[in-house]
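Paired with subunit B in one complex and with subunit C in the other, subunit A is shared by the two complexes that follow.
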Partner chain A sequence: MATTINGAAAPAIETPRSPRRRPGGPKARTNFELYAWLFMRISGVLLLFLVLGHLFIMNILDGGVQRIGFGFVAGRWASPFWRTWDLLMLVLAELHGTNGLRTVINDYAERAQTRFWLKMLLYVSAGLVITLGSLVIFTFDPNIS
Partner chain B sequence: MPKAPAGTLYRGREGMWSWVAHRITGVLIFFFLFAHVLDTALVRVSPSSYDSVIATYKNPIVNLMEVGLVAAVVFHALNGIRITLIDFWKSGPRFQRQMLYTEIVVWLVLVVPGAFFMLKHMFETLFGSAS
Partner chain C sequence: MTVTDDLSTTAPAASGPTATAGRTVTLKIRRFDPEVSAKPLWKSYTVPFDPSDRLLDALHYVKWNLDGSLSFRRSCAHGVCGSDAMRINGSNRLACKVLVKDLGPEISIEPIKGLPVEKDLIVDMEPFFDAFRAVKPYLIAEGHEPTRERLQSAADRERFDDTTKCIMCAACTTSCPVFWNDGEYFGPAAMVAAHRFIFDSRDAGADERLEILNEREGVWRCRTTFNCSNACPRGIQVTKAIQEVKRALIFRRF
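Take a look at the complex of A and B:
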C-alpha cells in the first residue's frame, strides 16, 4: 500500500544504492562511466611524465624549439625508445582529451541532437588524429625528399 | 531569504575555481594537440614542409603563446594529480585547499624558470648571441 502524507501519495524513495535509472530509458547495463573515470586518473599519472618530459626536452633542453627541424626528428625517431614514448603519449593524450571533451559536451549541450552530433564529430576527429599520428610514427622515412 | 549553502568541495572558492581552470586548460590542450599532430605529420610529406611549419613556432609571438600553453599544461597536470589525490588518498578531501596552494607554488617553481629558458633561446636567436 502506498504511503500517504496528509492524504496525498508520498513520492517513492528508492532504497540506498539502487541502480540509477535513466529518465525514460533502461538502467545502465555496464560500468562504462566507472572505467572512464578510472582511465582519466591512470592516463593522467602516465601523461604527467610523458607530457612534462616532452615539453622539457622540446622547449627547454639545449636550445629548445630553436633547434627542432626535420633532422632533429629523424635523429630522435631513429630510437625505438622515443618512437614508443611518442606513440604512447599520442594515444593516451588523445583518448584522455576525448573522454574529457565528452564530459564537457554532456555538461553543456542540452539538446539530444546537438549532443549526439558534437560527440560524433569528436569521435571522428579522435579516430583521425590517432590513425594519422600513429601512421606517421610507424612509417617515418628519414630519407624522404 | 535562505542563506546560501556554505562552500563544499566543488562549490565556490578554491574547489570550484580550480575545477574551472582545469576544464579550460583541458579543452585548450585538446585543441592544441589536434593542430600539433597535423603539423608533425608534415615530416611524412617533406623535410622542407616540416621545417616551414616549425618555423612558425620559432616566431617570437608564437613562442610567447607557447609559453602560455606550457603554463596551462603544467597547471592541468599538477591539478590532475591533486584531483587524483582527493579521490584516492583518505585525507585528500580534507587537504584539498592546502594541496591547491602547494600546487600553485610548484607551478611557479616550474613555470617561471621554464619561461625564462624558452624566452632566452628566443632572444639568443633574435639577436644572434653566441652560445
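Take a look at the complex of A and C:
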C-alpha cells in the first residue's frame, strides 16, 4: 500500500502505517505508562545527585582517579552506605536508560516484528547488566586471593 | 504563467484575481493521482501575485487558470472552517491564513503528513476523526436535566477557553512526529478536544476521558516537541493542554 517517493525535497512518510484499531472490547487498562513516565522524572532527579556525586568522588576528590585500586574499592564497599549508593545508581540508571530506549523503539520502529525483537534484545541486555552488577555488589569479597 | 514538468499549457488569457500583478512566485506542489501514477510527483507552477494575496488565492489561480486537475479542500477561505490545512514550506499552515509574499520565491506545498493521501492535497481524514470520536467530545452530564441552560462562572469558563478554539483542521496532529510513525496514537487534536471537556465544570465525564487518554497510545506518548503548538492556526497552546491532561492524571492517582 505504501508508495515510495523519489527525488522529493522533504523526506516523506507515506500513506500510513497501522490505523487506529479498536478491536472488540476495550483493552485492559493499566497505569503502566503513567508510572513509567513518573519513574523517568523521579529517577532522573535522583541520578543527577547519584551520578554527579559518584563522578566527583571518583575523579576529583583527593587525588582523583589515580588513587582508585582494589584496596580503594574494598574500603568503600566495606560500608553499606556506598554499596546502597552504587546499587541504586546501577538499577536506576539501567531502568532509566531501558525505558528511554523503549520509547525510542516505539517511536521509530514501524513494523510490529521489529519492535518486538528490538525490545526483547533491550530487556535481555538490561536484565543481564542488572544481574551482573548486583551480583558483584552483593557478593564482593575483599579477601579474595 | 508557465507550467514546468511535462505539463505544457499555453498561457491562458489573463483572468482571475491576481492577473494584474507584476511579481511572480513558483508553487512547487506535490501532486498525486492514483489513476495517473502510483507515485506522487512534484510539479511547479509560476503564478503572479499581489502583496495582499494569500496562498489560497495562488492555488485558486493554478486551478482556475493553469491546471484544473489540481485538487485541494477549502470552504470558507477565512481561517474558520479548517479545510485547507497543508504543509507549506515544511510547516503545517492554513493556505487561507498565510500571505504569498511571506513565503519566499519558491513555495513547496504538500498534503498534511501521516494521513492517507487520496488526491493531490486531499487526505483521508477518517483516522483523524476516529481518534476525535474516541475521546467522547460531547457533554456528559449527570443529575436532573436543568430547566434552563447550565450556568458557569466566568472563571470556570476561562479554565478551558483555549481549547474551545479548535477548528479541527488537523494541522497539529499531522505535524506530530509520534503520529507520523504510529497511527494508533490519539494525536494532539483529540487531546485538545478531550481537554475542552475534562476541564469544563459542567461536564461529569472527566474520569472516563482521562482513562481513555491514560492508554498506551494516549498522552504518555507525547514527546513535547511543540510541533503542534507551532502548527495551530488558532494559536492554541496544544502542548500545554496535553501536559495539563498528564498532570490531571497524575494528581488523580496520587
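Here are some notes:
One rule holds for everything that comes next: the second predicted complex is superposed on the first by the 117 of 145 C-alpha atoms of A that agree within 3 Å, B and C clash if a C-alpha of one lies under 4 Å from a C-alpha of the other, contacts with A are read in each partner's own complex, and residues count from 1 in each chain.
As a convention for this text, contacts are C-beta pairs under 8 Å (C-beta built on N, C-alpha and C of every residue); 3 or more make two chains touch, one makes a residue touch a chain.
Note that the structure is a prediction, hence the values are computed from the model and not measured.
When both complexes are overlaid on chain A, the residue A:A36 reaches subunit C alone and has no touch with subunit B.
Touch criterion met: A:L48 reaches subunit B, while subunit C stays clear of it.
Contact with neither subunit B nor subunit C is seen for A:V124 once the two complexes are overlaid on the shared chain.
When the two complexes are superposed, the chain touching more residues of subunit A, out of subunit B and subunit C, is B. Of the two partner chains placed around the shared chain by superposition, subunit B is the only one that A:F70 touches, whereas subunit C remains out of contact.
Of the two partner chains placed by superposition, A:A78 touches none, neither subunit B nor subunit C.
Contact with subunit C, but none with subunit B, is seen for A:Y108 once the two complexes are overlaid on the shared chain. With the contact threshold set out at the top, not one residue of subunit A is in contact with subunit B in one structure and with subunit C in the other.
Those residues of subunit A lying in contact with subunit C across their complex are 3-10, 12-13, 15-22, 27, 29, 31-34, 36-38, 106-108, 110. On subunit A, the positions that touch subunit B within their shared complex are 41, 44-45, 47-48, 51-52, 55-56, 59-60, 63-66, 68-71, 73, 90, 93-94, 97-98, 100-101, 104, 125, 129, 132-133, 135-136, 139-141, 144-145. The touching residues of subunit C, when paired with subunit A in their complex, are 30, 38-40, 42, 87, 90, 108, 110, 113-117, 127, 130-131, 134, 177-178, 180-184, 211, 214-216, 218, 220-221, 223, 246, 249-250, 253. Looking at the complex, you find that subunit B touches subunit A at residues 23, 26-27, 29-30, 33-34, 37-38, 40-41, 43-48, 50-51, 54, 57-58, 63, 66, 70, 73-74, 77, 80-81, 83-84, 87-88, 114, 117-118, 121-122, 124-125.
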